[in-house]
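In the part that follows, the structures are each spelled out as structure tokens.
Consider the two complexes below, in which chain A is the common component and chain B and chain C are the respective partners.
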Partner chain A sequence: MRRWIWLSVVAAFAIAYPLLLSSPFQQRLGALVVLYAIAASAWNIVGGYAGQVSVGHVVFFGCGAYAAMGAYAKFGLSPLFGIPGGIVLAVGLAAIVGVPTLRLSGHYFSMATIAVAETMRLIVTNTEWLGAAVGLSGPTVPRNIFDLSFLSALPYYYLFLAILAITLAITWWMTNSRMGFYLRAIKDSERAARSLGAPASRTKLYAYMLSAALTSVAGALYAMMFGFVDPESGLGILISVKILIMAALGGAGLLFGPLVGAAILVPLEEISNSWLGGKGAGLTFVVYGAIIVLIARFQPGGLLSLLMRRGKPKTDTSKTDTSKTDTEASHAP
Partner chain B sequence: MSFVLVQVIIGGLLLGAVYALFSSGLTLVWGMMNIVNFAHGDFVMLGMYVAYVVYTLMGGGPLLGAPLATLVLATLGVVVYFGLIRDIMKGPMLAQILGTFGLALLLRYSVFWWFGANFLSMPPNIVGGTYAFAGLRIEASRLLAGVVALLVTLGLHLLLTRTSLGSKMLAVAEDATAAQLMGIRPDTMQAIAWAIAAGATGLAGALIANFFYIVPTVGETLGIVAFVTVSLGGFGSVPGALVAGLLIGVIESLSGYLIGAIYKDIVVYVLFLFFLWFRPQGLMGKM
Partner chain C sequence: MLLEARGITKAFGSFKAVDDASVTLEQGDILGLIGPNGAGKSTFFNCLTGDLKTTSGRVLFEGADITDVAPEQRAGLGLARTFQVPQTFEGMTVLENVMIGAFLRTPHRKEAETRARAVLERVGMIRLADAPARSLGTPGRKRLEIARALATEPKVLLLDEAMAGLNAHEVRLAIDLVRDIHRSGITLVIVEHIMEVIMSLASRVMVFHQGKEIARGSPREVTSNPAVIAAYLGTRAAKAAAGHTPVELMGGPDL
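For the complex of A and B:
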């Protein structure tokens, strides 16, 4: 019950945010937080729930971003039409990477994802058709509403919020489906799960492909908001890093973990950038690195797990009590 | 034409020996503790910067820079072991990967922040020109790097297989609890392994600093090279790393020469993915 109250308070705040804090900077910040929350939530499906740490997730982000901008720059279509293409690309690529590596230990998967992301970045940087180092641009002047090119960040904010809600709904649905149970079992002990008949490799692969599809949508939205994509902003390893650290800081494997991470880190980066200017770029990532090391060392579950643990004794007993009465009740007749 | 090809292959072998040197550090740590150091390439990068600082501040060449870089990195290795690795080793996989990956970022961007993103390089004649031999021209700095790296890698193999220290480390790798019962301290042995592994990267970095471009992000490429080398050679095997390192050096040089310099990294990465598909146990190792 208390959970639903909290949820509706957060949802109400998210909907009211751009009206409460209505300066362009704040609205843009809000849109970015929600956008990164989408990407981090998508990463969370494979990194958190399946426990496979993808370090090259930007490659799917890039699939979406390049597909959206490519639809406009190459075919004169609305960037929206690129989204399905980006999803197909991302899912195909995920299968190519995932089929061999998800059978091996997790280190191979992590390293392979870096190698794939770097390969794609190098290939795109050297491909004239994809704009090489300059990248691709979206519509400068919107032809109609479907170009999704707005001056204000407000429409983007609500668009992103809707997609975030869908992403979270999919994640929630997944965790409560058969797949979610498999994933939990595999994460606890892959050997035990396999011996009980859970298709471990296939389940991890499905999680990876789902995550790739959602990440590519985030990439497409990002490109639409900024109106362009180049190899650094669409395929640079630092985007992967941001996505990963947001999920890990908030709490990997928790539904709202990535949201907490994005709500902390995006404002931190934007503010430090506006204070320090160009010089801040290096320093921001020094801080990011330090945060990741500290989380790994002291709190691998993330911040949200810390909060949940504090509130746990109460909820835990109540949970076990209800489950007991449930089973008793069901056994009674 | 064929002379050029021979020269390219020799250049590849010399660079490959350096790859083998720093990859044997990664393979040692991986084989012994089952932990993958994602900051390994950035350790090499730090070795390069130590050599660069030694040159710019003191005017010292590799004779001073290489031992100093080895020492600095070996110390860093021990600090990292006791400060981070020892604790995350027992943790979940997510913590292991995040821990060393975060360390990589921390090192990379600290250097970026301090030295800037510019490409730095050492003066070309610091090791003394070029040798002409039977129509082949070989830079002294590359020859020095290749030969020293080869000797040190072989020495490392002998250390692990022929000395009592090596046997103790092997015992800890096999079964840390059993080793402890035999009076071997796993903690000490693992710290020594980290010192050796990081020291090897420091030496390798100082050696290639003489002819490689020096830039904070070089560690990312070198880290992937190390990973490719280890997965090609079979993890935990120093001889495997040596063969794989030389092979990758040659493949990289040849593809750089035949297809184009921008594609040599792509060739190595694709080779890696190809191996993961068809032979994940490596060329000679077992899983």
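For the complex of A and C:
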């Protein structure tokens, strides 16, 4: 019950936010928070629930961003039409990359994903058709509503919010399905999960593909809002790192964890950038580094799990005895 | 024939952990695998479950060759196992742990939950259903392993030292549970160190020593077999012990 109250309060705030805080900076900030929340939630499916820490997720982000801009720049279509193409690209790539790499555990998987992302960035940087280092641009002047090119951040904010709601709904549905249960089991002990009939490789691959599809949508939305994509903004490894840290800070493997992380880190970055100007851009990453250290040292479950633990009464730690009495009771003559 | 292993050999480099072991399992059997530490019984066990690939030899289940079948597919066929060191899903509740097993036979969450609750009821852990699995101690974890495996509705259940680390009282409760499982029509393979368990449960016993099968037969037969006593206690001790019953020497059944 309390959960639903919290949920409605957060949802109401999210809907009212750009009307309450209506300066262009605040609206743009809001749109960015929601956008990164989408990306981090998508990452959460494979990084949080499946425990496969992908550091190369930007490659799927790039699929979406390039597909959206490519639809306009190459075919004169609305960037909107690039979204399905981006999803297909991302899912296909996830299947190709996932089959060999998802067998790798822990850091090895992370490193393989970095390698894939960096390779892709270099390929795109050297491909004239994709604009090479300059990148691709979207429509400068909107031809019609479907170009989704707005001066104000307000329409983007609500568009992103709708997509975030869909992303969270998909994640929620997944966690309550057999697939979600299997993912959590595989994360804890792949060997045991398999012994109980969970097809580990297939389940992880599906999660990876689902995550890739949603990440590509985030990439497409990002490119639409900024009106262009280049190898750095669409395929730079730092975007992956940002997404990962947001999910980990908020709480990886929790539905609303990535949301909390994005709501903290995006404003932090934007505000520090606007205060310190170009010189301060690096400072954000110093902060990110510090956050990585703090998460690793103190709160592997993320901030949200800390809150949830405080909200609940302390769990009884003397369960061993209970188990004994329980088994005794059931076997008493 | 429910489960059959033909000439299983498992080599790690040049070391043969299991050397040409064969076994047949009929419906309703309780087969005990015993032997000193490092005898190869766990390796053999893992070849049956598919956790290890055999170097040579074949495994058959209900007449079909399953040598190259993955563990998750073996589970689907009706082969379930527990782990010597409990592989509890720490991030889940007790009920959710068992639901993972139940999901094998139903894709629906509600149905899986109903079945998992029935299994927890059966093994006497229903009151712990909503407790986090990480709060369980060794006896609870061992029992949870069995509950999870039962939820997959197996034909054969393989228990890998399901009673190691339990005290005498808990061992007796666990024996009762295994008997109850057997009565429900499930065929069992048990790897066990505790002789009391083997003596009171197994219908047939296979003894491993240095990767080879050195004896098989009823529990009484194998424990009075000189080769078995020598394997456990060494040849000199075996001679010295000639006047005692082997069961006493191996720590049973007065446990």
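The rule is short, and it goes like this: the second predicted complex is superposed on the first by the 313 of 333 C-alpha atoms of A that agree within 3 Å, B and C clash if a C-alpha of one lies under 4 Å from a C-alpha of the other, contacts with A are read in each partner's own complex, and residues count from 1 in each chain.
In the analysis below, a residue touches a chain if its C-beta (ideal position, glycine included) is under 8 Å from a C-beta of that chain, and two chains touch if they have at least 3 such contacts.
In this text, all values refer to a predicted model and were calculated from it rather than measured experimentally.
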Which of chain B and chain C A:Phe181 touches, first, second, both or neither: second
Partner chain(s) touched by A:Ser22 [first = chain B, second = chain C, both, neither]: neither
First, second, both or neither for A:Ala192, with chain B first and chain C second: second
Which superposed partner A:Ser152 touches (first chain B, second chain C, both, neither): neither
Partner chain in contact with A:Ile291 - chain B first, chain C second, else both or neither: first
Which of chain B and chain C A:Ser274 touches, first, second, both or neither: neither
Contacts of A:Ser8 with chain B and chain C, given as first, second, both or neither: neither
First (chain B), second (chain C), both or neither touched by A:Thr127: neither
Residue contacts on chain A - larger count, chain B or chain C: B
Where chain A meets both chain C and chain B, residue numbers: none
Residues of chain B that touch chain A when the two form their complex: 30, 36, 38, 84, 87-88, 91-99, 101-110, 112-113, 117, 220-221, 224, 227-228, 231, 262-263, 265-266, 269-270, 272-273, 276-277, 280
Of all residues in chain C, those that touch chain A in their complex: 49, 51, 70-72, 75-76, 80-81, 83, 87-92, 96, 99-101, 103-104, 107-109, 112, 123-125, 127-128, 131-132, 135-140, 143, 148-149, 151-152, 170, 173, 176-177
Chain C contact footprint on chain A (complex, rising order): 176-178, 181-182, 184-185, 187-189, 191-200, 253, 315-317, 319-320, 322-324, 326-331
Complex contacts: residues of chain A adjacent to chain B: 47-48, 51, 53, 55, 97, 99-101, 103-104, 106-108, 110-112, 114-116, 118-119, 122-123, 126, 237, 241, 244-245, 248, 252, 282-286, 288-297, 300
